[in-house]
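Both of the next two complexes hold subunit A, though its partner changes from subunit B to subunit C.
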Partner chain A sequence: MLRYVLRRLGQIVITLFVFLTLVYFLLEAQPGDYAQTFLSNPKLTKEQREALKAQFGLDRPLWERYLRYMGSLLKGNLGISFEHYPRSVVSVIAERAPRTILLFLTAQILSFLLGFSAGKVLAWRRGQAFEYVLTIGGVTLYTVFTPWFGLMMIWIFAYILHLFPVGKFVTPTLWRGAPVDANYVFIRILLSAFVASLALFLVLLATRRLNLALRRGLRGAGVLIILAGLLAYWLPSGITRYALDILYHLILPVMTLTLINFAGMMLLTRNSMLETMREDFVMAARAKGLPDGVIRDKHVARNAMLPVITSFIFSIAFVLDGGVITETVFSWPGMGLTLLEAAVAQDIPMVMGGLVFTGTLALLGHLVADMTYAYLDPRIRYT
Partner chain B sequence: MAESILKIENFTMHYMTKAGEVSAVDNVSLEIRKGESLGLVGESGCGKTSLAISIMKLLPENAVIKGGHIYFDGTDLVPLSEDEMRRFRWRRISMIFQAAMNSLNPVYRVSDQIIEAMETHFGNIDYSEAREKVANLFRLVGLDPKFMDQYPHEYSGGMRQRAVIAMALACEPDLIIADEPTTALDVIVQDNILRELKALQEKLGTTMIYISHDIAVIAEVSHRIGIMYAGKLVELADAEEIFHHPIHPYTAGLMSAFPSIIGPKRELVTIPGEPPDLLNPPSGCRFHPRCQYATEICREKEPEFKDYGSGHMASCWNPLEG
Partner chain C sequence: MEEKTKVITKPKVEVILEEEERKRLKEMPLWRVRLYLTWREIRNNWRLFSENKIGLLGLGIIIFYAIMAIAHPILMKWVWDPNIYDPIVGYSYDEVLQPAPPSFRHILGTDPLGRDVLSQLMYSTRSEFALGILAAIITVTIGTTVGAVAAYFGGIIDTLLMRLADLIIMLPFVTILIVLSALFKMNLIILAIVIGILSGFGGTGIVIKSQALTIKVRAYIEAAKVSGGSNWHIIFRHIIPNLMPLSFLYMMFSVTSAIFSEAVLSFFGLLNIRMSWGLMIHTAQTAGYLLNPKTWWLIVPAGLSITLLCSAFYLVGRALDEIVNPRLRKR
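On to the complex of A and B.
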């Protein structure tokens, strides 16, 4: 398994290299001289302009610039953003990425949970009225024009009902004089979510081989301890109100994305469930006298989830696709919005940086999907 | 005579399909004594599997029980709800499935699947104790316990079959229904497993119902044999008796359609025609369109399932001379 992962990482590096080379020359081949856009500022003198050009390396020939870019990329340096000058691309990504990850990860996980549970029930109780309601409703939302739907959600929930903020990711007045910046809080939220899920997973794993009563007791205790741990971490930290402010801004975009995306998961789960339900081991599980819910969840859904999980992980890797639109509609200053602004402003280093981020995320996503699959399906072993 | 454990009375079950009602099991009555082993033989689609899954009430949604009773140890299973039925499944009646190869869930270890059955019926059991029990079951069915923590795909066909048998024994049921338990295996493994099943049955005193299309397989393991044709039980007798003195022409036909290894070499005789369409079963005796002895009455009236002496039951208007 380790050898497999190492080999795959090698492949990922090569694929990323090819991808970036292609993107680099494609951007280079675009019409217009992007250097001019920034250097044509009339306040600059000719000398300043030449000095800046030399500083950015824009006076060098294409191949030399390419080699220098790749060279500094290896050192983790993605250059300076034109638009956010003098900030480096890496620092802009470090600031924007957590916001995107928090928004889309939450939305994707919720879509998965909602879609998977709905699909499970649809397959299990076929032919009832709510099957048609859920399917038609889900597919309508799935195919709806995203910006329009996003605006409708804002109009209804923020403008008319005043339930949620209209846009942005924080309330500026609250954050005035805050002890930490938003990014710090974002990263804390992400980290605690990660640690909590990891702990939950370990509890489930560790209690797998215990007898029924002990297993249930320990799992309940585990969940309580994790919750207590989260509270113990957040309550005394003094930044809880800021975190809550972020979560409050998160609700509407997450709701929108979830409503748009869950139908995909739902239909995939439903079909996969119906296929699995015909398997002989499901009949055997019934014969064993297992309760209905156990057959559905432990036997059918556990097998039916394999293709759904794969699709889920891939969808996480490609969050930036939808991010461009959703983040624009909700004025959520994450990677998608940054990428869009950079592309419009011809901020080439920033665009490249965004694509490095997307590419890496997508490739790592595939690796994680493969590893998860191998974990979930014992028939698959990589060598 | 030991007391009866399973008593089926005039049991009728239909499948509702788009094309119409299929009468899969029609007015079947039979009784099985404790510790006995009964074989059910018939062509594909004759209703033997339908009868088996009716006993466990594992019927698909389109199946409708039209009438009759299935008394298991005195309780009529027919009116029981799904929840009440669960207490009988596996704990009292377990099953070795036709597709034993696929009746293990591919994503769980074999040991865990057996423990799951025990946990469901015995509640809070100690894990290491349960494992010890699984190891004993493995030894009982001729499997090395060191394989118990492997996944089903790591087993060979014969091993999986044995694992499925071990699982069927896990809750010490009173009745085990073995539906084509060895059909998917090669002849050598088939023979071994049948012999072990028989030995196990004698050792544990479990009641068994064997289901197969292969009368030779059934003869090896059953005390009594029932012959099913087109959803009906047409003949029922002791294994010896049915072999030497078949009463129903269909039974005789089945017997001559199988080669005998030990007996004299003879031409195999097939039964002409095909099993009837159960959407529209023939009038009178359902076998009459294929029966060489058929007379007028066979077309018109259904023969009664009656005793031809010493428990040899058959339904035929023109019984063969015993």
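On to the complex of A and C.
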């Protein structure tokens, strides 16, 4: 296993290198450069544009820039953003990434839970009118034109019902006198969510083999303790109202994303369930006279879960892909919106930085997915 | 009970039919036999497909939009005045305020520039179909060739093609398209080619290769090799024809992703095109009508059309999946 992981890590480094080289030359092949965007600005003279070019190193030959870029990338330095000058790309990413991660992780986990349960039921009730309704609804949501769907959600929930804010991620008036910046709160929300889910997972794992009554009691107690711990951390900290403000802004985008992503999970679970239902062990379980619900949840769903989990991990790796669209519609200033703005403004270092971020995430996602697969399915072993 | 008798009697009838058929087929010239067998297969598959209500719904939506695409030039020529109804340069002089709400003259109203929304919608349908089908054909041609070649030759060719495929599926698809179209001038044909290459060398190629691997080990491939068929003859005459059903299925999914990508890119205003559904929403956005439910006709028809056409192709693809992939069938 360890040898496999090490070999895959080596492959990842090579793939990332090839990917970055490809993207770098592709971006360099575009007509013009950043200084050209000021061509129509009468305030900038030709000398100033030349000075700007020299400042950003755009007057150097291509191979030199490439080697320099790759060299500094090895040191973890992604250069300086043209648009956010003089901030470095790394600091912009460090600022924007937590927002994207919080938004998409919440939505992905919710859509996984929802989609998996819905898919289970869908496969089990094959051929009923219920199936047609859910399938057509699911496919429509799966292929819905995301920006339009986001707009419809804003129209309904923000304009007509006045339930949620229209866009952005904080209420500026509330934050005017805030003692900390938004990212401070974001990172704490992320951390506490991570710690809480880790604790929940451990509780579930520890009580797995106990009998029913004891298990229920212990799990309930565990959840209560986790909730109490969260409250004990957040209430005295004094930033709770800012965290709540962020969460309030989070609801509508999360709802939209969950609805879009859950359909894919549901359809995948259904197909996987239908294939598993033909296996011999399902017939054996039926012959034993087990209740229908037990066969569905413990025998079929557990085995049908594998491809769904893999796709779940992949989809986490691809947060940026959906992010560009959703973040634009909800004006959520995360990585996706940053990347789009950078691409439009020809801010090459920022675009490269965004692609390094998402490329690394996607490659690591593949590795984690493979390892989870091997862990969950004992028939698969990597050597 | 009825089900059971059906299952038992069905094969018998088919066997008798086949014997009669075989006698008839022996007397025909080869090309007629081939034509006949193809026709029979299409008929059989249509029977399987028409059992699937969801697939039929998708087909219905596609036909509806196809009629819209065909109707537009006819309406423009004989019914609508080009000065008013032209989707790009028309201006509706009869309305005082633009955008005008739906009325008898303009069934879906007019956009902020005074152009008829229904005419724009119908005009764009044609290019959506053209883009989707072109991208799908490129995707499937590349994907099938890559899959068949990688599976048949194996070794270094397989490794190279599959590593390339791995690299491509790891790219965030929409992000790459956005970056590319932001930095280069892209029109529909270039977009179709880019989508075709990315998805043909990527995901589609991998799926088709796994199918080609199961075909490669069949007895008739051995027979073709023994009788002296060259590598390329075997690939194009024996492997690719057997991959066709799966390729056709993936064409449907490619159409969905191509139409969706085009809509996203023109929603961001990154494409160099005259009119499309995504661009209609973009126009509403740049004119400041995006967040206003009162001018719904600027956004809802276009957004709904993108969604409906995308899901229609997806639904047809799913229905075909149940024909190609017997494990998903009901019985």
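As a working rule, the second predicted complex is superposed on the first by the 347 of 383 C-alpha atoms of A that agree within 3 Å, B and C clash if a C-alpha of one lies under 4 Å from a C-alpha of the other, contacts with A are read in each partner's own complex, and residues count from 1 in each chain.
One rule holds for everything that comes next: a contact is a pair of C-beta atoms (placed from the backbone, for glycine too) under 8 Å apart; a residue touches a chain by one contact, two chains touch by 3 or more.
None of these values were measured; they are calculated from a predicted model.
Q: Please work out whether A:Arg379 is in contact with subunit B alone, subunit C alone, both, or neither, and reply first, second, both or neither.
A: First partner only.
Q: On the A-aligned overlay, A:Gln346 touches which partner chain: subunit B = first, subunit C = second, or both, or neither?
A: A:Gln346 sits against subunit C, while subunit B stays out of touch.
Q: In the superposed arrangement, does A:Ala129 touch subunit B (first), subunit C (second), both or neither?
A: neither
Q: If you stack the two complexes on chain A, which partner ends up touching A:Pro147: first (subunit B), second (subunit C), both, or neither?
A: In the superposition, A:Pro147 contacts subunit C only.
Q: So, does A:Tyr159 touch the first partner subunit B, the second partner subunit C, both, or neither?
A: Touch status of A:Tyr159: second partner only.
Q: In this superposed model, does subunit C or subunit B come into contact with more residues of subunit A?
A: If we count touched residues of subunit A for both partners, the winner is C.
Q: Once the shared chain is lined up, is A:Glu279 touching subunit B (first), subunit C (second), both, or neither of them?
A: first
Q: Just which bits of subunit A does subunit B share with subunit C as contact spots?
A: Common to the two interfaces on subunit A: nothing.
Q: Could you list, by residue number, the parts of subunit A that touch subunit B in their complex?
A: 209-213, 279-281, 283-292, 294, 299, 302-303, 376-379
Q: Give every residue of subunit A touching subunit C within the complex, in rising order.
A: Touch residues, subunit A against subunit C: 15, 18-19, 26-27, 30-31, 126-127, 132, 135-136, 139-140, 142-149, 151-152, 154-155, 159-160, 166, 271, 274-275, 278, 318, 320-322, 324-325, 328, 336, 339-340, 343-344, 346, 351, 354-355, 358-359, 362-363, 366.
Q: Could you list, by residue number, the parts of subunit C that touch subunit A in their complex?
A: 53-54, 57, 163, 166-167, 170-175, 178-180, 182-184, 256, 260, 263-264, 267-268, 270, 281, 290-291, 293, 299, 302-304, 306-307, 310-311, 314-315, 318, 327-328, 330
Q: What residues of subunit B sit close enough to touch subunit A in their complex?
A: Against subunit A, subunit B makes touches at 56, 58, 82, 85-91, 94-95, 97-99, 102-107, 116-117, 119-121, 123-127, 130, 151, 153, 167.
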